[in-house]
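Have a look at the structure below, then the notes.
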Amino acid sequence: MNIRVGVIGVGNIGTAHATNLAKAVSGSSVSVLYDFDQKRAQELAIELGAKAVATFQEVIDSPEVDAILIASPDKFHKEQVIAAMKSGKPILCEKPLTVTEADAEEILAAEVSLGKRLVQMGFMRRFDPGYIQLKSEFNDDGIGAPLIIHNIHRNTFAAYGLNTEGTLTNSVVHEFDINRWLLDEEIKSISVMAGKASPLTPDGQKDPVLVIMESESGVLITVEAFMNDQYGYEVSCSVSGVKGSADLGEGSFVTSSKKFSRGSEIPELWLTRFNEAYRIQLQAWINSIREGKLPVGSSIWDGYAATVLANKAVEAYRTGKKVEITLKAKPGIYS
Amino acid sequence: MNIRVGVIGVGNIGTAHATNLAKAVSGSSVSVLYDFDQKRAQELAIELGAKAVATFQEVIDSPEVDAILIASPDKFHKEQVIAAMKSGKPILCEKPLTVTEADAEEILAAEVSLGKRLVQMGFMRRFDPGYIQLKSEFNDDGIGAPLIIHNIHRNTFAAYGLNTEGTLTNSVVHEFDINRWLLDEEIKSISVMAGKASPLTPDGQKDPVLVIMESESGVLITVEAFMNDQYGYEVSCSVSGVKGSADLGEGSFVTSSKKFSRGSEIPELWLTRFNEAYRIQLQAWINSIREGKLPVGSSIWDGYAATVLANKAVEAYRTGKKVEITLKAKPGIYS
Amino acid sequence: MNIRVGVIGVGNIGTAHATNLAKAVSGSSVSVLYDFDQKRAQELAIELGAKAVATFQEVIDSPEVDAILIASPDKFHKEQVIAAMKSGKPILCEKPLTVTEADAEEILAAEVSLGKRLVQMGFMRRFDPGYIQLKSEFNDDGIGAPLIIHNIHRNTFAAYGLNTEGTLTNSVVHEFDINRWLLDEEIKSISVMAGKASPLTPDGQKDPVLVIMESESGVLITVEAFMNDQYGYEVSCSVSGVKGSADLGEGSFVTSSKKFSRGSEIPELWLTRFNEAYRIQLQAWINSIREGKLPVGSSIWDGYAATVLANKAVEAYRTGKKVEITLKAKPGIYS
Amino acid sequence: MNIRVGVIGVGNIGTAHATNLAKAVSGSSVSVLYDFDQKRAQELAIELGAKAVATFQEVIDSPEVDAILIASPDKFHKEQVIAAMKSGKPILCEKPLTVTEADAEEILAAEVSLGKRLVQMGFMRRFDPGYIQLKSEFNDDGIGAPLIIHNIHRNTFAAYGLNTEGTLTNSVVHEFDINRWLLDEEIKSISVMAGKASPLTPDGQKDPVLVIMESESGVLITVEAFMNDQYGYEVSCSVSGVKGSADLGEGSFVTSSKKFSRGSEIPELWLTRFNEAYRIQLQAWINSIREGKLPVGSSIWDGYAATVLANKAVEAYRTGKKVEITLKAKPGIYS
């Protein structure tokens, strides 16, 4: 069975997803595309053997679309996800779920009212072989239960200009999700510190920042987020467990010695690091659809929790205070 | 366009290929299977939505088969590849091409008589991200032109019993191919040394062995091959270049500290290390078919060269002498 | 010129120092020893060709003593250092300088009243080749100016029983000193967080803990301190700079592959990791004396600052609040 | 007890030794110096508080000299070592022992006629913490008994001009010694291959070269030696054992990420890598003298064996053939 996917939004990440679905994922094709930039949609449609349409609703309604991928700008997610849900077709929605908590709650309510999960969130790190291996260490043969987690998230340059609140809502949102997944529990408090800034930082902004969280069971989580590191894209996650520690690195295959230095390459952009995670995420989504199973990976609940954390992080950053996190009661379809 | 693949031989590697084609490769499905063990073929056919047939010729002739993958025991390759060629369908043949030089020459002549390449050899390392990155260092921004290459090929245990000639023809055959590919030139001589043996080595056999080769331009290539290392599957390739050196490692993502040791896991079996190379190899094969292009990767010429090297390695091992390599003139379709 | 050192206190670290001075440092010998445990002092004296005396004052006063090393329990430091200062002989005092701020201030005043520095503090990490190399990266050819520093300090087991305040005053005190040295500036605030505890932690205590500091210029510094990690002694220091990052590791020479794991050994005890730093520290001390120069390394001012930080860390831990650090005005002899 | 050392030859390495003895080794001083370049000797003497003399014999005969270090050009070793032996004073002789086998045999006979060992050879790698740790893996808890050893010895540039025979006699001589030490057995055959040369190689010379040896028990040993690698000084030694493998690396403490690369520094010159081995070697020599024990480390026998291997390597290189090694019967004082 081939799953014909309709894609809403074909900017950078939407194009990457559509291309993977058409060329690198087993059992899927791309049938219909929509983008605000119609020329862009048209060109990609030709390349992928799909057709471009004039509205996102046409993607949702098309009889040639078995499943819907939403990769439009964040602010459109609420309207589009809710509209897509009405079709009953499986949905993959790019992160973050929404910008505001209210919008996230509305989507959450909408899915709960369906009585079953229909949406997979695009937090691709959950499919990264590195993070999966890291989590596999959390047992008695490995490092034991986690006690402290230190995350690093560094970008070569702030692609869309540096805005510290954007750092929290767009970049650190990955750490909000992946640490919840690593621990299988919720975050109960968050603080944000910002000290000495890189000289590339505009007035009124801070870069890097340090985010400090506590999980329900008391695990301490720190995140160093740096948007203008100038040297490359690096993500790491170091876990101190009861009887060992484990560090997620870059998984480089080649170490070379040249010019008085021995080492490995660092990519400039995040897609190089997580290229494989994106492909595996899509394959897992398509597989779940083909097999008639529930969505895998991150859920609307996870997307809601990440949006709450992002908002509380902004509050913590603005006030300089520790902010407690309270989530709504977790609906039964997510347990 | 979906490419329906017929698979001849579904032992370990044939099953892995068929499963990848059905579940992990974009644009392909598995339609027909044959194996000497009919029950095995039947079970896999059910799992993959294919049908099992009673002879390899039925796979070749089936109108539901667009392309043919041959993963039967080595000794059947000649007959099956030549039969498959007659269908004009694209073919992927597992390594090694054949056991004897005469058989390899016969296949080579058969493809040359077609006037174009139809067969891709299953030397999957050419698609391994590690080897590809290693080769990308051979330039002025990297390590410069290679001068000496040191390969290591270690297996946890000799899966089919230890036979030193088999080490050369079945394991080191990968190094024969990949070093030719790394250097883009032929090997002109080969020697094999065998000294102190692991205590697990049966009488009359040697393990490990050291293979020493010279390329046409004089690059020296050594291969340490060890079939019973007891500790895990490790492959490495270290290149000393004009202005730098580069080492291919395992590409591990996670480094953990536990029990007074800091390090990463070593897999037990080769498939873990080259799983991704196998998938990419198949995707590249399917892509070349969908796009109506020539086969990529290793060719029948490469398969022939590797078979010659394997045979000369056995001669070098038996005689204890350096053996010169002379290949036939390279037919035009391979240049 | 040979410097004859008198040693006060020959427990574990005092014995290590005395042995280094007698056998591994150029230009020094050990002439007189004192320990509360007279038998221990007597035995070591015989081994090192020194003599044991009955009081610490005899060490100070001995005409056979050119310089004094104090490695007694922390609580005796104040009395002994002040007594030793009166002799005008060069002094090396083990860390921490004192337990209380008042005692540290008293020693500080005593040295200031001498009008010149006489004492070197035994914060040996300043002589560790690793930390020195790390600091050498803080420039434009390296990683640029530091912005965030993440330290890890893990012990295999809590040698003297686990007491969280002791973790701060005895273990993290090393990070208090070394981060001040790395940054060449003072710390202005400190917080301590303690969440989920290792199951080995006694009731009422916490392990691990997370210390968070801000330097005067705003550099954020975190320290994970874990006393019962069960797997080995590990210290690391990771610096995020304006244009790069650098990580201090263990400096292991050998990587081995065995039992499905590839890695290097982790020592059980701290002395293995810092053995060389201790030797170099003593050599630097002896060299400064032979050359008639001022003491090198950590000063009484540094010892005072570390004691203040340790006390404020305990306050921060007890209250759960961020504590501001105010040091006395820095006397001129320390600038 | 202080050992007053007389030093014969204070070129680069002689100066390094003398400086270590005067400033970094416990229990030694430098009392008398000789060099062909009298100005150089005079200047160093002033710096180290020694006196310079006009002949090497004066160093040997001086009543202020307790032990003699010979670091003159190789061709003078025979005369000087034999003269020094007559004094009965302990001697440390830089590697190689001699250029010719005949000279080595003459020194060997001279020491044997003394009836006891008086000379330590300056093969400093035996004191390198890395090689020592590597050898410590050769047991059942480690990698088991060695079966194949692959050595790499690369220099940034050929300091004295490139001469392939000199590569073998001056650089690879370190591998001749250290592999004998690692295995505790003799080498029984040697071959030398030289293929494609670096473009920096003068006409008539070869660089890199590959040396292949077999030990008495059949261990295969390869050495890649490259004098003009352009990128830094690197030495490695990789051992494949019965149940594991181990690789000697650089022991770097700091890994930094900058300019799209993550790695550690490679030194330009060998002294940086082996600085510590040189110091430990001298301390061990001085300790053996102070304690009235036999010399430690490499002996005249080892120096003789290395000289034989170097000569046979040159023969193998010239003839292109494998050369068998036959040593004299090992005198009793060396077992």
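In this document, chain identifiers A, B, C and D correspond to the written order of the chains, with residue numbering beginning at 1 in each.
The rule is simple: contacts are C-beta pairs under 8 Å (C-beta built on N, C-alpha and C of every residue); 3 or more make two chains touch, one makes a residue touch a chain.
Remember, it's a predicted structure, so these values are computed and weren't measured experimentally.
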Between B-C and A-B, which chain pair is linked by more C-beta pairs in contact? A-B
What's the chain with its C-alpha centre farthest out from subunit B? C
What's the distance between the Cα centroids of subunit A and subunit C, rounded to whole Å? 43
Indicate the whole-number Å distance between the mean C-alpha point of subunit B and the mean C-alpha point of subunit C. 56
Between subunit B and subunit A, distance of the C-alpha-averaged centres to the nearest whole Å: 37
Of all the residues in subunit B, which ones touch at least 2 other chains? 231, 234, 243-245, 250, 252, 255, 257-259, 265
For a test of understanding, state which residues of subunit A touch subunit B in their complex under the given definition. 2, 22-28, 129-130, 133-134, 137, 142-143, 243-259, 265, 276, 283, 287
Quick check: in the complex, which residue numbers of subunit C touch subunit A? 145, 147-148, 150, 152, 154, 193, 195-199, 208, 210, 212, 214-215, 217-220, 222, 224, 226, 229-231, 234, 240, 242-245
So in the complex, which bits of subunit B are touching subunit C? 231-232, 234, 250, 252, 255, 257-268
